[in-house]
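Two complexes, one shared chain (chain A), two partners (chain B, chain C).
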Partner chain A sequence: MVSLTRRPPIVDKATQDLLRPLLGRSRAFYLFAGLLTILVTWFLYTWYLQLTLGLGVTAMRTPVGAAWGVYIAQFVFFVGLAHGGIAVAAAIRLLKLKNYAPVGRMGEVLTVISLAMAGLSITVDMGRPDRVFNLVLYWPFRIGTSPLSWDVTVIIIYFTLSAGFLWLTLRRDLAELAGRFPRLAPLYRLLSIGYRPDENAKTEKMAWWLSIAICFLIVMLSGGVVPWIFGLMSSRPGWFSALAGPYFLTAAISSAIAAVIAVAAILRKVYRWQPYLGPQVFKGLGTFLGVATMFYVYMIFAEQLTMRYSAPISEFMVSEILFDGAYAGLFWPMVLLGFILPSLVLLGQAFRPKWFSITRTAVAASVIVVAFWIKRFLIVVPSLLRPLLPFPQGSYTPSWVEWSIVAGILALAVLLFTLFLKVFPIMEIEKHE
Partner chain B sequence: MNEALGSFIVPPSATGFVILAVIAAPVAFLLMGALFGGPRNIRVPVLFLGVLGLLVSGTIVGFAVIGTLLSHVLPG
Partner chain C sequence: MTSITRRRFLMYAAGAVGLGLIARYSGVASALARPGAKQPATTEGGNAVVPPKPGHADRKYSQDAFDTTADPANKFGLVIDVGACIGCRRCMWACKQENNIPDTISPLWIETFQLDAETDLTGHPSMDELRQGATTSYIESPTAGHWYLPVQCQHCDNPPCVKVCPTGATYKAADGPVLMDYQKCIGCRLCVVACPYSARRFNWQKPSVPADQVNPLVPVRPIGVVEKCTLCTHRTRRGQLPRCVEVCPVNARHFGNLNDPQSEASRILKDNMSFRLLEELNTQPSIRYITRGKKWSA
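The block that comes next holds the complex of A and B.
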């Protein structure tokens, strides 16, 4: 990519270590990126099939069946990742948690990419995505009454602020790197346009204010407008609930912290960043994740108790699909192996420090990420299978087209993260210097 | 009675505006804090506002571009 001989020597070891992804030219990296590109190409092909043949190639059906499926589950999953990711970065700045600073930018990047993937997941779910501009065109007529319009509006505000926040905190590093990477220098100079070292104090202060704004938006979006798409629908048993906001918010924060732990552990191993991503980062985040996930298990218990004890029969039937019906095979492993077991591992490590292991923490966090994906699926689908209207209960098993598209969007997210890693510093260089 | 009073204060057709105001007002206030608070510097806030403007316009234009491109793929 960039010729090593043309680059001025990097004398500082910490900087050289942190720039390893930009300097490296390992075959494994390009193989990995190539594999992801193949998956993304497959996604584009299957989406083309869906566009030309119609949503009939999916397993989504209405009125009997599920009108929303894995695409919407994936949308909620990515929105959750987006919120927790930058929540970590914002909390580090607000509370001055210097130990956790190395994972701050990872959270910021995770947020921006996840939001873009959330938007893509919604787009592939649309029967006529060519009318996507109608969101803007008819915005004034819809914003008064449509939770979907609130959602789009707040997501755009959130995306804008998060990307702006990332840009602001990247400027100093990019200005520094422009002299070291001649081929990338035009891009770095464009993004750090007008940078002067005397602006650092102002940038820090702006980032502090923006952190509060972002934390507020996280509560309003992940604990507000996104869950209200579901929670305000009285016609759907299982969704219509005042618990929806805190339920989604807890899931968002837990899943994103789990993702940050998994990503940080992988990067630590691959780029030999042991001195910069110390065990205390994983210990702290792991303990918080264990507590948050256990709190989420408590919320599942509270929700299911309400649905089963004396609720209307339709609520009970949705709960029954999870407890003993078509999705029991997903629900029980998710609760027991996906939430409770990893949480106990993480909390056990917190109480007995000698049990602590970064690998175990990363595995527990990865399992929790998968469990939260399944949970989003179980939020979306079973309620749609049991409508209040007089239709029989439907069934839903995603088609190969849907699985291909879901896998392709996940691959695209990983590919974008990998490309970011190759072009920009994923940890703040100045803080280590 | 309560329902009528509630509808008078926040008509159902305006619920979204109230929700957006509840969200946007604190964000706008905090954004003002970011732009005008702290060390005096006009350049960074102006650049930041420029980036926000570019991102919002880019998103809106992106919707139009994606819609137009997909209209060529969709049959009929």
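The block that comes next holds the complex of A and C.
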């Protein structure tokens, strides 16, 4: 093992600032983490209830009702979030966007955590999570035709690549910090095992190639296998559409960029990183988000027009659920207040620079994140409520167990992110030394 | 410190992939992956039979393992006469008893729709009816001005459920029926979603059937798995009729080997016009519907 040269204690202000989450011992942090832990514990308890009593404790039913519900909506949401994060990181590297470098690692962490949560959401939805290994055992026989097998494959590859990407780009910082944080040093030494300062050039190269691979995978996962779970089902009006791929891809990129903006704005405020996260980052990402969300609105329009103009009645009835039915109260606010209004705000800022404010950008982005969660729900559920044969139309309102589990998984994601903040540098240190 | 060159690493990796492929295609993996193949079997009338335990359906076996093995020379099918059907639902309830369907499964494996003159053949009630919540199963029948459409698993020749299954828990048997292996099923419900006929049911709760009512020839399903019509393979492969056909009081159901031109189903299909449900989806169902005219009056 290569011995690391001892560094002097931190002297420069920039590094001191960027390490604030690791150095700080604020009461607020522990309160926040404690609250999240309570939610996660509640999730574990409700999941235990669901495991012992069966999925009957949810509001899902079939064939009259929804066979999938908020768990699958949550799965699609997290897979979507997983994308932009790493897309930002990959784009920074491939296009050499130096300005955006400070949010690169936030995106990577967001990706790794979201993918794990996506996997958890699917597991929670399964009737027999004890048999989850069957997915691997029978994989060679089913990979040919089962969209779920495709999903498992791509998610595992994607998780490996993005975790590897994060690890590679983290090694240098960890090696640097090992001498400065004695309590965390064993962990840092383990993760930066075999580190040599001259590996940095090689690491850069590997990260570049990984970025290319990840860019392909973004299209394959969010624009491919996940939408194909829905888009290939001729049994479900509203899902069966060649638009599914581009539709989901746009949603994934938009929701994830929105999440990166929100996370970066919150961290900037909490850790007083104003000098390191300039308005330029928020301006650029915000404009992109405004355009992408507007494009998504156009796709909703194209989809709904096709489902209503001279469509089969099965398609029309699914559209009716959104326009004038059980979920109209979610659909219209989502489109008007969740997509159109915030993207107008973002685009307005782009055209009129003096209107720009980081707070406004962050609020618009947060609203868009929430709207995309609702959109995933409105993709998954209405099509399931209208079987092709003349069963009565079902209804679906998630049970308290489902809400507990959904909230708990969200809390777990935030908790993991918070713990990462506490243990690892979320901003690259080297750049500022 | 051992050093491994990139070239050598790639060679090892290629070798490992090659070995994997050999294992895959030489059947090693498939033997490992099918624990059912190792079950003890006795022979009865030339067919391998797994003896079910008396009085209790052992959950270790799939539906198929209870039955005489599938004979690929057969292709089981069903012809349903919607003109004759009086909507009495005897088939549904007999099926429930025969197949150990617990009370927690609703609707049952067979669902009978009551339709009327304004309703399309492929089953789309009028807009107003849909808004109100259309048909209901448990009504007095027959009632004037209505006809009845019993629907169960259509045992498609191009089954979407089989295509999407990530574990192979649902499969097309050699003699026609689409069956379930309850031990492989992970309960993801992708098949439920993929079935255009909504023929699949899910065990949201732990199914329980009173011990004295269990049919020992049919497994009681575990919690969290999908189940559906089996075309009574435990009967049909032994030369008996499916229970729903046996109990039909008006002869609206006809079972037979579609590969045999002399079978009842084949003869009826030869003499009658028939249709299949949602034919445009290219699922190629093995269940055909005929309408020989209304044989009853309310």
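Following the convention adopted for this analysis, the second predicted complex is superposed on the first by the 424 of 433 C-alpha atoms of A that agree within 3 Å, B and C clash if a C-alpha of one lies under 4 Å from a C-alpha of the other, contacts with A are read in each partner's own complex, and residues count from 1 in each chain.
The working rule: a contact is a pair of C-beta atoms (placed from the backbone, for glycine too) under 8 Å apart; a residue touches a chain by one contact, two chains touch by 3 or more.
Treat the numbers as computed from the prediction; the structure is a model and nothing was measured.
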Tell me which partner A:S146 touches in the superposition: chain B (first), chain C (second), both or neither. both
Touch check for A:S314: first (chain B), second (chain C), both, or neither? second
Just chain B (first), just chain C (second), both, or neither: which does A:G164 touch? first
Tell me the contact category for A:R131 with respect to chain B and chain C: first, second, both or neither. both
Touch test for A:M60: chain B only (first), chain C only (second), both, or neither? second
A:E176 contacts which: chain B (first), chain C (second), both, neither? neither
Report, in rising order, the residues of chain A that make contact with chain B in one complex and with chain C in the other. 128-129, 131-132, 135, 142, 145-146, 149
Report the residues of chain C in contact with chain A in the complex, numbered from low to high. 24, 29-30, 33, 104, 107, 111, 113, 115, 119, 122-125, 127, 130-131, 133-136, 151, 160, 163-169, 184-190, 192-198, 200-206, 222-226, 277-278, 281
Touching residues (chain side chain A, partner chain B) in the complex: 48, 51-52, 123, 128-133, 135-136, 142-146, 149-150, 153-154, 156-157, 159-161, 163-164, 167-168, 193-194, 196, 198-199, 201-203, 205-206, 208-210, 212-213, 216-217, 220, 224-225
With touch defined as at the start, can you tell me which chain A residues reach chain C in the complex? 53-56, 58, 60-64, 67-68, 122, 125-129, 131-132, 134-135, 137-138, 140-142, 145-149, 152, 229, 233-236, 313-314, 317, 384, 387-393
Name, in rising order, each residue of chain B that touches chain A in their complex. 12-17, 19-20, 22-24, 26-27, 30-31, 33-35, 37-41, 43-45, 47-48, 51-52, 55-56, 59-60, 63-64, 66-68, 70-71, 73-75
